[in-house]
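Next come two complexes, and both contain subunit A; in the first it sits with subunit B, in the second with subunit C.
Then we have the complex of A and B:
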């Protein structure tokens, strides 16, 4: 059964069978929120404020949902720390053989290594879907398509909440251990810290944009594990997780530094280390965030016509 | 036992073939993920000629032997570390009442064909390394021995990792630090790591016996860390000892298992 058939009569009666998601923020408020009291958005508020409140609340629920898995997050932090230590030694060996390689000294290289580990949780560098593919397979996607918010916006807010929780539990501990064991380089000015915070947020948005595309691929091929695997390879290698992108030789280095995955590890790490102009870094990341989100919006529109609700 | 395993493995392979596009992408993706390790080594050696005192063919030899051992162990026993998922869902109860050993069912759970790719890839690297090394037969006999010992050691680590999940139901990721961490550690000469870490993986978690100690014999090198010479023959001993620990840990885990009731 196709999505449109299950769609509420209201949408079709407006002569817009394609539904709310594609219509932008305004049409989401033509009464839908008011008719759903659990959203706890006061109807009298201005639309902009209500939208913000709704998404802030979704993000908070995302945070809360993940905080139920504290043991898993701490286990992840432990694993990230162990890998940080192992990889730090390999980079130290390389930088001892080639001091000053790529403009980094040994301390920079070790800091880079622990930053990559700190990014794994918030940016979900090992894949980690949004759960949408599973919901498409099970048919739960039908409910998601009826929610009083855009599918993409809803999932983005939820993902930001998740990222904040994992930042606290999986990014901070490995960094502290790294600093204690190896002595990491930290930004000296508040401005760099602020730029790093923005850069990390943009990195998370790019990561979301890419994972959203992977999840929605399930609309076409049902089993998303294959696309997830390909996406994993791309994000591990082209983000700078495996080796820093700035030591990739020749054209490979140029190409990898221009691709969206660089926005997830290499660029925020360089902002942290002060190895890149902040405006260049943030423009690059914001550009890819916009492109991936826009592509996601287009695919959502196509998926709505394509999705087959499995079962009932 | 072997027949049951083969039958179940074949069943899982047929199941995964139901989604052909996904299977093809998974196989390619799995090959590519592992190719990344080699690419990392290549990028590193494009900047230097030795890493931790070892040249490229020697590092490839270490990578190849560890890679083949880990890939075989991962294919045959790797899914034991999914135990916590089955405990939470109640699926483990079903395994306990089936007429086959629970460990065997866990090991073969979601057996997938793409892992053959990993073995092939590591074997190719090992072949290339050996072509560049010219190891005399008087030392090359150790290569098959060390690979078998490596499989046993990694399989034991997987089994121990699985057994700890009877306790750490909500934190299965801890196991990855030892399984995948062990695989990652053994890809490089241990000289790059700090000496405390090397002692720990020699005498506590015997990862040094997967390839490092026997490789010193094969490559005809002195131990840069000055550990006793006889250790390079000790891999079978370490493998048997760790396998015993793994067996006891799994049995202890099963004995204290309580169903979640779901």
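Then we have the complex of A and C:
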């Protein structure tokens, strides 16, 4: 190993004396390059651990990257709270006129409303790409493709870091305000809280899976704005963000509850409210997470093969 | 260290010519290209815009697979062993950055350490050395978005060298730099090559880079190798010209008839 990594001796004979260049501000530093013993020695740790460390660090940096935009996050939290209050009054009026609709009472409906507001940030319900489409368009994707890491894994880790940050800044404040103003229904058992945490995480992964597909579509159509628009409308409606999916009648209700977007709002909210069997909910979400990630992996491979990197 | 044998790369461009009719056109970005770069060499890779330089670099780094021919870089086939190769080579695209925009420079390096699995002690030593040589000290804690172009470029060079690659591929590393930064960058690269024996392949439009750094020059035009040799050989192609710019301009002009085709290829 070490023999292989050693530097070959530099060919000494140079045909031509070189012009000397002033070193500018550097010249006061009398730095020399020391010929080190070969570094890049593989760490003694198990490779799995090293990989985990890498992705954990990416996630942590994703968190920190977003924390550079604290004012934006706080403004988002404020907006989410105000809209939560407006929507809560609409839903109260609706549920007072139609008690028991969708199996919710008024308190459930108001809680649902504030949960959906809380999900907006972490699940990026109003769209919000991974930045990859822009990088494909500009050609910076070349750099991402050079890195010895999985593009999808990388972006997922980064996105989880982002989601955690937005969860803290954009999910908790509206929920607190909602609880103070309206008195929300909170799970009573620790098990439900744990199930909700897992459910929310899976929801974020499904959201990532879908947004990743939208971003990569830029490889084929050069611009993801169209797909992002379509995706925005689909995710707002089919996730349960606008109205609970349980309200939808007959086959429409069945269909919307089976689509991946339900894993982002309706299902985690129902886990929170205790309106769904936990194992069913988590299996459903994990299934869609697996499908979207697998599809993303296949498309990444196709993209690598066809990739036409923009710009010189 | 780099071995390219009869490599070609074609792109198929589809263009609408009517309401439903589409025209398919095959563009040869690179054809029948062969060259070798020995270990420890500093080679300049020249060519007019759209000549196939970037395509070659993308093939050398494994981002793009050649349509025909064979490539070996640091003992590996780039397209097949992209990840393994990434650990043996360093790449700098002067017009792009590997650094994380919102993070302090230091954090980008730390991520790269994990990415390339560089062991902590070696990383520290290497970073200290590069910090000294490239005088990064004063902005290691500054977010990349606040760096000047010269600082960012030094950061990018450092990022490409942290895992101690045997081959460094530079795509216009001095673009946009002022004369002082440019001189500093050249001084550093020469030192890296001379003292550490790092093989360097450099593409540039700056003839100063070529004159001051390269042992040998390869010139590509219309996807083919149009010239190969030392700086003196390059001058000898047009002895009546005094500046190296004019010599190279003459060589470029020779392949000029296909200028229209070239533009399409830049995509």
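Before moving on, here are some points about what is shown:
The rule is short, and it goes like this: the second predicted complex is superposed on the first by the 269 of 312 C-alpha atoms of A that agree within 3 Å, B and C clash if a C-alpha of one lies under 4 Å from a C-alpha of the other, contacts with A are read in each partner's own complex, and residues count from 1 in each chain.
Going forward, a contact is a pair of C-beta atoms (placed from the backbone, for glycine too) under 8 Å apart; a residue touches a chain by one contact, two chains touch by 3 or more.
Predicted, not measured: the structure shown is a model, and the values here were computed from it.
Of the two partner chains placed by superposition, only subunit B is touched by A:227; subunit C is not. Of the two partner chains placed by superposition, only subunit B is touched by A:93; subunit C is not. The partner of subunit A that touches more of its residues, comparing subunit B with subunit C, is C. In the superposition on chain A, A:242 makes contact with subunit B only, while subunit C stays out of contact range.
By the touch criterion defined above, A:82 reaches subunit B but does not reach subunit C.
In the superposition on chain A, contact is made by A:65 with subunit C only, not with subunit B. Common to the subunit B and subunit C contact sets on subunit A is no residue at all. Those residues of subunit A that touch subunit C in the shared complex are 5, 7-11, 14-16, 18-19, 21-26, 29, 31-36, 38-43, 50, 53-54, 57-58, 61, 64-65, 68, 139-140, 142-143, 145-149, 305, 307-312.
Interface residues of subunit B facing subunit A in the complex, by the touch rule stated above, are 19, 21-26, 28-30, 32-33, 36-37, 39-40, 43-44, 46-48, 50-52, 168, 170-174, 176-177, 181, 184-185, 188, 191-194, 197.
By the touch rule above, subunit C contacts subunit A in their complex via residues 1, 11, 38-41, 49-50, 53-54, 58, 61-65, 82-84, 86-87, 91, 93, 95-98, 100, 102-103, 107, 110-111, 114-119, 122-123, 125-126, 129, 132-135, 143, 163-164, 166, 180-181, 183-184, 186-188, 190-198, 211-212, 215, 230-232, 266-267.
Looking at the complex, you find that subunit A touches subunit B at residues 69, 71-72, 74-76, 78-79, 82-83, 85-87, 89-90, 92-94, 97-98, 101, 221-227, 229-230, 232-233, 236-237, 242-243, 247-249.
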